[in-house]
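Naming follows writing order (A, B, C, D and E), and every chain is counted from residue 1.
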Amino acid sequence: MTAALELSRLSVSFPGQPDRLRVIEGIDLAVGPGEVVGLVGESGSGKSVTALAAMRLLPSVARIDAGAVHLGGRDIVGASRQELLRIRGAEIAMIFQEPMTSLNPLFRAGFQIGETLEVHLGLSRAEARRRAIELMRAVGIPAPEVRVDDYPHQLSGGMRQRVMIAMAMACRPKVLIADEPTTALDVTIQAQILQLMRRLREESGMGILLITHDLGVVAGMADRVVVMYAGMVMEEAPVRSLYAMPHHPYSRLLLKAIPRVRERADRLNQIAGTTPPASRFPSGCRFHPRCPDAIDRCRMELPPLETMPDGRKSRCWRTGEAGLPSMST
Amino acid sequence: MIGRTAAEAISEGSRLAEFSRLFLANRSAMLGATIVLIAVVVALLSSWLAPTDYARTNMLFVWEPPGDDFVLGTDALGRDVFSRLIVGARVSLTIALSVLAIALTVGTAAGMAAAWNGGWIDSLVMRTADITFAFPELIIAILVAAILGPGILTVIISLSLVSWPGIARIVRALVLTLRGELYIDAAIVCGTPPTQILLRHCLPNIVPALIVRASVGVGFIVMAEATLSFLGLGVQEPLPSWGGMIRDGLTALRTDPHLSLAAGAALGTTIIGFNLLGDGLRDLLDPRIRER
Amino acid sequence: MKSAAFTRYALAAALLASFAGPVAARDLRVNINADPEMIDPITFSALIAGDVLRNVYQSFSRVDEKGNVLPALALKWTAHPDNLGWRFELRPGVKFHTGRAFGAKDVKASFEALLTPGSKAGLQLQYLQRIVGAKDVQDGKTKDLAGVSVVSDLVLDIRFTAPDVLFPIYPFMIFDTQVVADKGPNWFMQVSAGTGPYSFDSWKRGQEVHLNAFKDYYGGAPKVDGIRFVIVPSEETSVTMYEAGELDVLMVASTDLARRIMRDSRLKADAQTVSAAQITYLGMNQNLYAPFKDKRVREAFCISIDRDAMSKGLFGGLAQPLYGQITPGIPGYNPNVRKIPYDPARAKKLMAEAGYADGKGLPPLKIANLAPFRNEIAYYADQWKQVLGVTVDLDIQERATFLRSLNAGETPFFSWGWTADYPDALYYLSQVWHSKSPFNRARYSSAKYDELIDKAQITPDNAARYKLYHQAEDTLLDDWGTCGIFVRTNVAVVKPNVKGVTLAPMRMLPYDKVTIN
Amino acid sequence: MSAYVVRRLLGLLPVLAAAIVLTFAANQFVPGDPVTVMLGDQGGNVELEQKLRREYGLDRPLPVQFADYLAKLARGDFGLSFRYPSVPVTQVIRDALWISPSLAAAALVLALPIGISLGIVAALRRNTLADTGIILVLVAGLSIPNFALAAFFVWIFALKLGWAPVAGWTSWRHAVLPVALLAIPAAAYLARLARTFMLEVLQQDYVRTARAKGLPERLVVWRHSLRNVLVPILTVCGVIFGTLITGTVVIETIFNIPGLGRIAIDSIFARDYPVTMAIVMLFTFFYAIINFIVDVLYGIVDPRIRISR
Amino acid sequence: MKPLLEARALSVHFPVRGTSMSGDSRLLRAVDGVDIEIGAGETLGIVGESGCGKTTLGRAILRLLEPTGGSIRFDGMDVTRATGAALAPLRKSVQAVFQDPFGSLNPRMRVSDIIGEPLRNLGWPRPRISARVAEVMEIVGLPPEYASRHPHAFSGGQRQRIGIARALAPSPRLIVCDEAVSALDVSIQAQILNLLKDIQRDFGVAYLFVSHNLAVVRHLSHRVAVMYLGRIVELCDEGRLYTAPLHPYTTALLSAVPEPDPERPNRPVVLEGDLPSPIDPPPGCTFHTRCPVAKPDCRATAPALREIEPGRFVRCHFPGSFRQAEVTS
């Protein structure tokens, strides 16, 4: 089975001083049809750049240095402008973190949904509007016949994100990239949106690349999880096994650092140091300065993203060793 | 995300170094800065640079064409145009900087007071500004200049009068924005008195915007001074002013074009310089378009 | 089909013609540099209104380009034997623009209208002051001006309380008083009531004053349709308009522009120049600036100015040095008036003698004038700096302020001019330097001078009177009460296809003989 | 909506009231007695002077003059002109009334499309030679004094090429150069604003959304971005109109156009203060009206303001 | 024992000037009759969704806002309307740590000046300030050489440490933490939370800890108040609140928090719809519009905040009628 979206060895750089900054390096990632892949990482890990690169929506100063983005089996890194216009919104769609700023404040919600249909399916304005109302109903917007003519500022945050989702779903894309779709929302609204996304995934069978920093959201949504740190994939695993037994020290420490609502720990497990900016990515394993398990080799050599016998992947020289400091509490 | 990364990248080196690098890379800003620098140096050294006394008349050499004796020729009174042009730089810049100094001081004080205190002070300052805005600036300047009679002081007063409300508005808006900043809240919480907050926290943070505004403002003031001089309300004879020189030369535009062209070019170039500099600084200092 | 096409063609041609403007007979287009304040022949005072109104209204006599007095509404005038009156024999066959025939009673009525209580008339009122009974009319005691008697339709007798030898050459504006009665105080905006070659048509403020040719003009109907006085305050604009063919006659007001024109070969070819009937002098008020009480100081200031260099340099030859207080070409001019030398050495010496060597000890001094004349005073100031070591600041004033303070005698030091209203030297001498004159702005006062002028006023014989002028002028100059500096040259540029436009010392002659080819 | 309009209209009153007081006060400080101006060289005529003072009410105490002024103003009577003796101010400015606003409006209408398209092109080509070139031209357009540019334009377009008349105000052709000259700095200013706003808008999330939807660049720029550029530009149109109105002062003087701008200068120099007062007030009025219109338009264009929650 | 801080019936109402053209002004009841008290060395957590008034409450207590009603007593002294000198004790003893580590430090001041600012305001001599600055920098874990740098040179976590150092400098008795860790990455968040705990342990400072993150609040707080539309709906000690909430809103809120644990089954969404506007709150119990167990009574009458068990306050007519068990199973 071919993946709906597959990034292989993708590297992106931005202008910097004195050289260009490699913001993401050799990212491998695949989203199968109907699959939800969670891409987690802290700020500066490069997860948003990865998403934008997959859409070929990077700002003009950014450059894809290497790698490929396969969408339905075709590499779009070399795609022409025209091809990209056909693909975006039709085969691959994206929703963003800030539903307020992601909608154009001067156009009605229904128009912004219908616009995609006009462009990709050649629908007339009236038809597009009818479809927009249907789509709005499908994403759970009450009274869509009325809401269709609302401007974004008249909608609540949750409703705006539903409009964004309706817009993304309009052409039944094969892949949806959701970049922190619920970060700006309150928990109760977040729960609604996540539920909606689950339902849509089941109904449409599209693959979802869910980008978030919230390990809780990933746990409830994703089938597979990719953990990024400092522009690289550190670990990839099915969601249950990752949470049950993370291989990479970073994943391990991260999971232990989260305060839980269901139990109160006296002290949280903290990860020393800070996440490095792209200009100061360390040599060797990029996590080594903060890693309690680091050995000399970690400082010198970049470990490869190795596939384990169980099909999981981890980028660590010490994967599989027992009794590492990061494993203790 | 990307912006954050870039911001972090910028925070790498020292801010000043980064600023200088970006500034040096900005072609038009550099051009502007060079022009302004030249104008300022010429103005400062005008007494040494001017080959002759700007007021010295000579009836034997009236309306001489540019040549060896007089680089840019002479005017109707046989005065050396080049010398007058150089001294004109001093006059124009002195006026522009005085007006700026007054407008900035008054405008900043008024804007800060209005933003911080709100209430009737705010109403008073902003309504005053509204009213000055509602009047066409130049007409007011002309009216005031006509009332006071021509002269440097007149120009300074009348242009200051129309310039401060703009500054006050900007400062007020900036301070109002700053009031929403958490570090201002933090300062209040740790007991910093209002005047200290305005001076230590607000002022340094609005200075970049004021610099931008000022460098663009200089252009306006130089132009306004020229217009007043053009209308005969500017600098008094025998002191030269570019606007006055353009006006005096216009009658002879086709026979002795160098008379108004030289002054026109000096004026235009200087204003272009300040505008380019202002634009460049805006690009670099205004955070709204700073990223990417 | 054919006719339709033809119609279209004709229409297009008509349209084209209407845009191209008439070619044959058309208006003469002349610039004036400001709106006339008033086109009322009673109240007019400014030069601009005069430029317009001279074509509409006339007096007993008029002046040619050489300053000769020619008959106009009067064909002949003779003084009464006792020198206290004049008899005018008026021109027959003269018609007002209103269609009425002009006669002696109209002159009387015009005078009475000027004298009406509360009249805003200016100089004309002054000219009438010596007529017997003028005061009574002005005070509202009677409406009948006793001193003017209508002898017959075309003969008029005027009696004075004191001799007024120049009365026939005063530039009155006689009008059809009938319309004042009919149309009310604003009559002049509605009808034209003069006898001149052109009748008033319209005045669009800020744009133009338009006059129509008067077909029944006694000197023959003008050859142009009318005159369009285009109001152009900006000199640069006026030149460009002339060059672009939007003006036929370019009146040049400023020295700068005049000089520019003389340097432009094409414009120079079209230019007319004539020495103006206008003196320019230094006003040194001895009451307001103590050092001026010292004659040596006054002389030093006067001889520090190089009149020749200035005429050639600053004015590019469009001026000549003025030594006396009468301009050449004006009757009464003294060609032998003593020249004022440019003598820096003597000037320095005089200042040192007066105790102001190198300007030391002099209180601060400013010379006042209006903005258009700043070049002149900038030159003087630089001369005084160079020659006397005296710093004189320039005090460029706004017109109203300047005039108010000048009229009130509150300006210590100024440079100013005076333009003749009628062609006789007495105009300068009596108005500017007689101690009783309201226009004696430097407040010069000399009993001997006053006596000579008073005597000249009642001396009918020209030669005898001129002699008195010269004595008075010498008195003034010997005293260094003032000094003349220069006489401007009037310049006008006239398109080659326009004939009959004549520039005279007292500005443009009426356009009655103008033709456009 | 209507309540908003009424509120905005009421907001104009204090400005107009201030205009009345300030113009009256300003003219009290003007040196040079208007009567002296009227008298001209007849300065010595005391009788005439007194008569004029009486006629113009200048012999009364200031508060009385002001009260009288207000009362007349209420009837649309601005009093008598000083420069044109005994002529009502309304008559002096009547024909000129619409010239300056029309010129300014024409210039604005001309400047808007030119300026905005230039600015957008520059923004889209940011940091290219085209952008730098456009910026330089714009800055030059803003930096060259209008009176100098006017002289040049007249020389080229009126004298050399004969495309337009030099000066005057009798046909529409007379408006060509003045409007063009007024429009140049306005267009330059608008272009710079448009460039800045466009650069800002292009960074907005909703532009990214539009691209993510697969909208062609044409729609991204001219539909999604342009509208958002137009909204802030609309708000500065009032200010630009104000500058344009002011600009007519110089332009009308140069092109000999009998509009309010030229009359304003003439009357300031002639101490014709009833006329000056009337014109300053009218300018203020025009400015206030245009800002009012802009406010209302703003409400219409930007739904965030239009719809009441 | 007297509480350190006591707020009684505290209200903050804002007039809402017509955002619309209609121009009528209404009242936004951001905080509406809130009673809280904080004992010395205690942490009171305030949780709620956006618009519930938690931040406004914190700002009112800091006297950054003028309360419209009620009273604030600090250490027994009424400071509700205090200004100038009367406010000085409050300013000395109550400090704040704000959310945005990029916004709460003046970018143009040096770290030493930032931390020393409260001390300067207290009139301390310069050497004493330097000594104290060094001391608190050590406490929060900042190397002393950082003192002369500007904030931009620091990462988010370090900035927040600077903010904490500033708050700590005058040895306050209460620190108001407004979303103090919300902007931080998980790994950094753990560091800061631990630091805050250490500080409380070592210096006995009390916290008013405002956050939308229920897990973080639980981790740090002794007692927790849940706010909804400007009012406290439930307030009690952390243990009882999180394990057996009595108010339906608390229950729903807790159930909506995504747990980083894929083994726990997905929970159905309990709260439908959006948060009502605080400008126009629903009549009766303000929560009835979204309450899964609302009864007609709830629409009619507004429940009071009642002490149901000792130290346990609930604003509900039917406390405990909606149990967590119903949600999780």
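Keep this in mind: a residue touches a chain if its C-beta (ideal position, glycine included) is under 8 Å from a C-beta of that chain, and two chains touch if they have at least 3 such contacts.
From a predicted model like this one, the values you see are computed outputs, not experimental measurements.
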In the chain contact graph, what is the shortest path length, in steps, from subunit C to subunit E?
-> 2
Minimum number of chain-to-chain touching steps separating subunit C from subunit D | 1
Give the chain pair, either B-E or A-E, that is connected by more C-beta contacts.
-> A-E
So, what's the distance in Å between the C-alpha centres of subunit B and subunit A?
-> 50
Distance from subunit C to subunit B - Cα centre to Cα centre, in angstrom = 46
Subunit A and subunit D have mean C-alpha positions lying a whole-number Å distance apart equal to 53
Would you mind listing the residues of subunit C that make contact with two or more other chains?
-> 236, 398, 401
Sites on subunit B at which at least two other chains make contact | 146, 149, 250, 253-254, 292
Among the residues of subunit D, pick out those that touch two or more other chains and give their numbers.
-> 31, 151, 155, 269, 307, 309
Listed in rising order, the residues of subunit E that touch subunit A in the complex are 49-50, 155-158, 185-191, 193-194, 197, 212-216, 218-219, 238-239, 242, 252-263, 266-272, 274-275
Partner subunit D, residues of subunit A touching it in the complex = 55, 57, 81, 84-90, 93-94, 96, 98, 101-107, 115-116, 119-120, 151, 153-154, 164, 167
Sites on subunit A touched by subunit E in the complex | 42-43, 156-159, 186-192, 194-195, 198, 213-220, 239-240, 243-244, 253-255, 257-262, 264-265, 267-272, 274-275, 290
Complex contacts: residues of subunit D adjacent to subunit A | 204-206, 208-217, 219, 224, 227-228, 231, 301-304, 307, 309
Spell out the part of subunit E that touches subunit B in their complex, as residue ranges.
-> 59, 62, 64, 87-88, 91-92, 94-96, 98-100, 103-109, 117-118, 121-122, 150, 152-153, 163, 166-167, 170, 176
